[in-house]
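Read from first to last, the chains carry the letters A, B, C and D; within each, the first residue is number 1.
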Amino acid sequence: MTPRRWPRKNDPDSIRARQEELAGLVGDGEVFRHDLAPFAKATEALTGVAVVPVAVVGPIDADLGDYELDEPDGVLVERGRNSESVYVPLANTEGGLSISLYRGARAAAESGGFRTHVMRDRITRASTFLFNDTAAAVEFARWIETQVADMREWLASAPLEGLSKHARLREIETHVVGPMCHVMYAFTTGDAVGMNMITRNAFALNQGFVAERAPVKPKRSLLEGNMGGDKKISHRYFERGGHGKTVIAECTLTEEAIRRILRTTVDDLLELAFVGTHGAFASGMQSVAFTPATAIAAIFIATGQDVGMVGTSSMAHGTAYRVEGGLHASIRLPGLEVATVGGGTTLPYARSWLRVMGCEGPGKVYRLAQIVAAATLALEISASAAMATAGSENFYRAHFERGGLR
Amino acid sequence: MTPRRWPRKNDPDSIRARQEELAGLVGDGEVFRHDLAPFAKATEALTGVAVVPVAVVGPIDADLGDYELDEPDGVLVERGRNSESVYVPLANTEGGLSISLYRGARAAAESGGFRTHVMRDRITRASTFLFNDTAAAVEFARWIETQVADMREWLASAPLEGLSKHARLREIETHVVGPMCHVMYAFTTGDAVGMNMITRNAFALNQGFVAERAPVKPKRSLLEGNMGGDKKISHRYFERGGHGKTVIAECTLTEEAIRRILRTTVDDLLELAFVGTHGAFASGMQSVAFTPATAIAAIFIATGQDVGMVGTSSMAHGTAYRVEGGLHASIRLPGLEVATVGGGTTLPYARSWLRVMGCEGPGKVYRLAQIVAAATLALEISASAAMATAGSENFYRAHFERGGLR
Amino acid sequence: MTPRRWPRKNDPDSIRARQEELAGLVGDGEVFRHDLAPFAKATEALTGVAVVPVAVVGPIDADLGDYELDEPDGVLVERGRNSESVYVPLANTEGGLSISLYRGARAAAESGGFRTHVMRDRITRASTFLFNDTAAAVEFARWIETQVADMREWLASAPLEGLSKHARLREIETHVVGPMCHVMYAFTTGDAVGMNMITRNAFALNQGFVAERAPVKPKRSLLEGNMGGDKKISHRYFERGGHGKTVIAECTLTEEAIRRILRTTVDDLLELAFVGTHGAFASGMQSVAFTPATAIAAIFIATGQDVGMVGTSSMAHGTAYRVEGGLHASIRLPGLEVATVGGGTTLPYARSWLRVMGCEGPGKVYRLAQIVAAATLALEISASAAMATAGSENFYRAHFERGGLR
Amino acid sequence: MTPRRWPRKNDPDSIRARQEELAGLVGDGEVFRHDLAPFAKATEALTGVAVVPVAVVGPIDADLGDYELDEPDGVLVERGRNSESVYVPLANTEGGLSISLYRGARAAAESGGFRTHVMRDRITRASTFLFNDTAAAVEFARWIETQVADMREWLASAPLEGLSKHARLREIETHVVGPMCHVMYAFTTGDAVGMNMITRNAFALNQGFVAERAPVKPKRSLLEGNMGGDKKISHRYFERGGHGKTVIAECTLTEEAIRRILRTTVDDLLELAFVGTHGAFASGMQSVAFTPATAIAAIFIATGQDVGMVGTSSMAHGTAYRVEGGLHASIRLPGLEVATVGGGTTLPYARSWLRVMGCEGPGKVYRLAQIVAAATLALEISASAAMATAGSENFYRAHFERGGLR
């Protein structure tokens, strides 16, 4: 059967036509009752809504860095630091998530709070230039590596309509394999994630700059050849960042907070870390962590982030390390793809939830990245404590011998 | 600063208290206006909602298998196949996504439609038993590998309250490293993802069965030691499945559909596959695919799935292979964590969107898994076509020389 | 230029012809002076020799298991254990290696010696059957998974000349992706590594058994499709074994031995393990260990093993864990590809060095695997101790302030 | 049992003492008969020799680049290219290896020969600096990244005895995770692999430069924290190189050479590449290739390379790509750890075999790297052809129906 054409427009008639077509399938129709006008530009074939309940927990105490990009290299410079108390919205339907995350935040708060660091900010489009042999790809690679300054200038001259000024080319890296030269164009994109911007700019570079100037002509250029790290997890971006913000959150939990709030011990947490780190290794896991995606997904849905990036944004490297008087805990999120402008962040509900965190609009993206990292670490701490306790003799006695679970 | 306690309950007063606390932060307050009653049991600290626009596209034509689990081994048996036309809800704010996915579905439909296969169904909790040396761990491993039948019987006898009958233990695998024995308990869980069920059952096994019967006593048992594949991508679960449904979707695109609907060629698509597969390898990507997470996230939000599982569910191995008269395209999703009962799927909007696909309630989970896989492949095909075309000379001429982009 | 044909035979005239051709290139010609007769069947185009110096260290004290394969499943059964003192030959030119390895062995000996465990024994050939679509590959997979018993019977009936009786098929695993069905034939091969045996048997199965009986005919069968783990490291074989012996060596070092022989402390070693484990993770390392390949290469050259397998045989997962009174240290080698019969092990020098370890000939392969694992752990311990010490304040003072390095 | 001390010296008495101790174990004693004098400085506890037969094949035709390092950045500059015909020594005991490699070389020679490219030259020591929290590690990282020029100057001033002038520091990269800052010191080391040189220089930097100048003092510095890529395979060094020479060998096989010499077809080779690339992915392989370690091990043993580096040196990314009139084949070896001076390369047999290839002594290391890469590709081509043919109908008929295998 060939499907008839399904209308894609979002004028009232088209929307109604789609809703009527589905009326018999959908039950009581609450999905069609919401006013769709605010979403008319968000997606084609708009037909209804999904509503997700949002918990808010807080305040989460965190010492946040204040960052700027150095020009023209795009290195992050820390201008100062501020201690903040923030409420965090968690769009979720997972019983226990919000209180667990909050418990971790309380343990951190009693221990002096979280501290966060933004290490790197890049977003990469990896175009591929295909030749008939490696020698040509090598010659091309040597040439294109020298062109960054000229490319910046060319992009700044607005040679084509539709190019983004926000997407600034910072570096190029090449990777030659077989008859291919992969070219990683690394951009910064202001407060947006910027995939669309960098796609347009990379495409323009490929077709307008490279095609005309390269001393050796590619037989074919492909906008993306899968070294760019978009929406699929890879070691390249786990180690080095380059697709979003590389952020680290840390805190040094006191023994008192571990005992009283987390109801476990430094020793128990370290045994869990030993087992969990080696278990991750044994299973070929591309992260060392417990459940970072849970916190990140909940904030992403609430704030209009690209939920298809939950996987890559959740790549995480967590550590636990005994220090005098307690335990240092940290999580490194190498590729947190967050925005405070553009895409879903401009829509009504998302905008409000961003505002709750003081993260609405331009100039707020590093703040948001740090709050997400702190919230993620809060959940890691609490979930780890629950897991660590569950294996101890005390837990066993409490729940089995005294009847807890029965 | 020590945070004051934030109320976690969802009675009207607590909800209102939270909303009032945040009133000054949130702007015009549309996030608080929705009736929260249907969500009162979904999350603690419930405070508002997020609303996500939903596109619906279709029909998508697919030949779906009808599967049952063999008892007691839990092998999937195909009882029959049905050709279906399905509308798919996509909660998203990404311009172009819904029409691109639909374009891929049309190309497939004109080529005979998608065909889908469910290969495996398991959900794993990997507990770890810690000893003082390897010899003890080895002895323990040899013992526990023989206990599956007894464990099934013990669980069936309902030795503790709160155990799930839906979570059926199918196999155990052990992995000894250092002084640890990791034990992968592989369950099936009916139409739910079942993390809570298997957590309870695994915990009971550890504390009630193992602790009492093991010939060598672990010094500590940990409910999860990170070989279980929960919410973090790993090679183990990419290759073998074991955390959700392993599903493959395929179609054989005709040259005519490729030319007329996708506006590219078999050769162009194969060049892209060559470049993209090697690019994935070069960057240490844990998938070979273009953008599976995009489709999966959109369906997950609409249907109340656990969005923290978007990353693991999007692990994907795609292929493109020239056949007589066209191109065979496929995607293997080794760990698609979908449910039609439990968790967020029971809530109003989710239930309705599941119903649109004929996937509401018990007995529908393999159907849902297959529809998700087909939709994911639809988007892969269309996105690949766009990418392949963008690198060809034709595209260049059309857009640059004739002024398309300018 | 088209090269003239270079003689490949090993009769005296051909050997001399090659030597004369190279005489002007080779200098004083010691490489041609050795009697080549014993090697005439070892390699075509035999022209000279390489001589590698061999250190011998020991005794290494180890408690070795005595294993047999259960029939027909091929599960390893431990029949007993023996404490042994073994001298180990190390063909190497790396100053410090032999004494370092011996230092580790002494530390272990003073702590009660090593203990070793063979967990699994398999060698895999992964053939691939190619179809025009996934449905056919799925149907094929379902069929072939049921054929193990019949395949064993067919192989035992000697349907073709040249099949090996030593190569016993134990299990089949399939992996369908795209239009392919990969079939992992897992064999045991007695005391040989057995690549040639299993190649012949797998090829016969593909062409004689599968081609005639499969209900759906592959369009093409390929003897190896790269899931077999031969000579390239992969997560599959790192986690599960299946290409050689999976062996674990362990010992519990006393504080006294750590202090007196290794000149470091439990704390220092644990700090190194913390740093080294997270460093391995951060760099995407496919092992957690320090220098296993060094020990393994040295024993492989001396004993005529396949040195092309040094990389895969050196996959390693090491752990360090504090216990009462000391430190538990272990290394898991999931795919140690050793032999005591066949290939290079039958040649003069190799045979002698095997004999030094009591590992010559049939029935000795698990012994050899365990000795290699113990020697590898010995070097790990000593090298780690050197590394751990080097970072401590004590080392700094000893070497810099008191002039050690100056 | 506590082992008595085993003499480690290499004076004649100590050697004889060891030989006598082992006399009863070793059989006829050919391992002790070789003159050990030339090896007295190669390894402690020298006791005997291993003799490995060496095949020589050739000539292999290759177009080799002539490279120099730019100062001070250490970028490789190609000064010219030369066509060469080289004989290659293969220390091995694997029947078929030498003639198979030679067959691949002939197919390449008839197609115009190999062409090779050296892309990068670095050797890395990754020291780790441990702090009590991440903030300190971040501050340290920001500081040390600015110190490269000063470090170069400090090393050049010879502040300590025993530092190497050959080991030139080129770049530093940092990686902060948890309370650690990993510092990758990337050196070039002339014609040696240089692990000892860079170990000394890195240690001196850590203890003499960093310890005195760092604005924030590490609580501990560890010479190597496992991000350095030494002897264990990792994605970091697979993708980027940095541990040895990154070399690519390529050739464009004509249809005629494929048919006549390799006895297969472009189509068959491409089917194999399709299956093998996806099989590698499916099994989590850290290379895409068939058997690079075989060629590399054989040359390494003959030429006195560090055989413990066979695994890392064999990391490989191979491609096969259809071009007009034939097939482009290539292999990228990202971390080929070869030397023409130092270590085992200075010993008698090794020196002679290096001389056969025109690779003895200083100034030859890039030549050697390229010859190894060409030889590796030669074997890949031939082994792939054998594998591809084995699955075709023709092969089946030839061997089964006409009785080949029977």
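Criterion: a contact is a pair of C-beta atoms (placed from the backbone, for glycine too) under 8 Å apart; a residue touches a chain by one contact, two chains touch by 3 or more.
In this text, all values refer to a predicted model and were calculated from it rather than measured experimentally.
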{"item": "Same-site or different-site touching of chain B by its copy chain D, using the half cut", "value": "same"}
{"item": "Matching chain pair for A-C (criterion: over half of the contact pairs shared, by residue number), options A-B, C-D or B-D", "value": "B-D"}
{"item": "Between chain D and chain C, distance of the C-alpha-averaged centres to the nearest whole Å", "value": "18"}
{"item": "Distance from the mean Cα position of chain D to that of chain B, given in whole angstrom", "value": "41"}
{"item": "Chain centre separation (chain B, chain C; CA means) in Å", "value": "37"}
{"item": "Multi-chain contact sites of chain C, meaning residues that touch two or more partners", "value": "175, 177-178, 180, 235-236, 238-239, 277-278, 280, 282-284, 288, 317, 319, 321"}
{"item": "Of chain B, residues touching chain D in the complex", "value": "235, 238-239, 274, 277-278, 280-284, 288, 317, 319, 321"}
{"item": "Chain A - residues contacting chain D, complex", "value": "115, 117, 119, 132-135, 138, 175-180, 235-236, 239, 248, 250, 252, 284, 317-319, 321, 323-324, 328, 330, 332"}
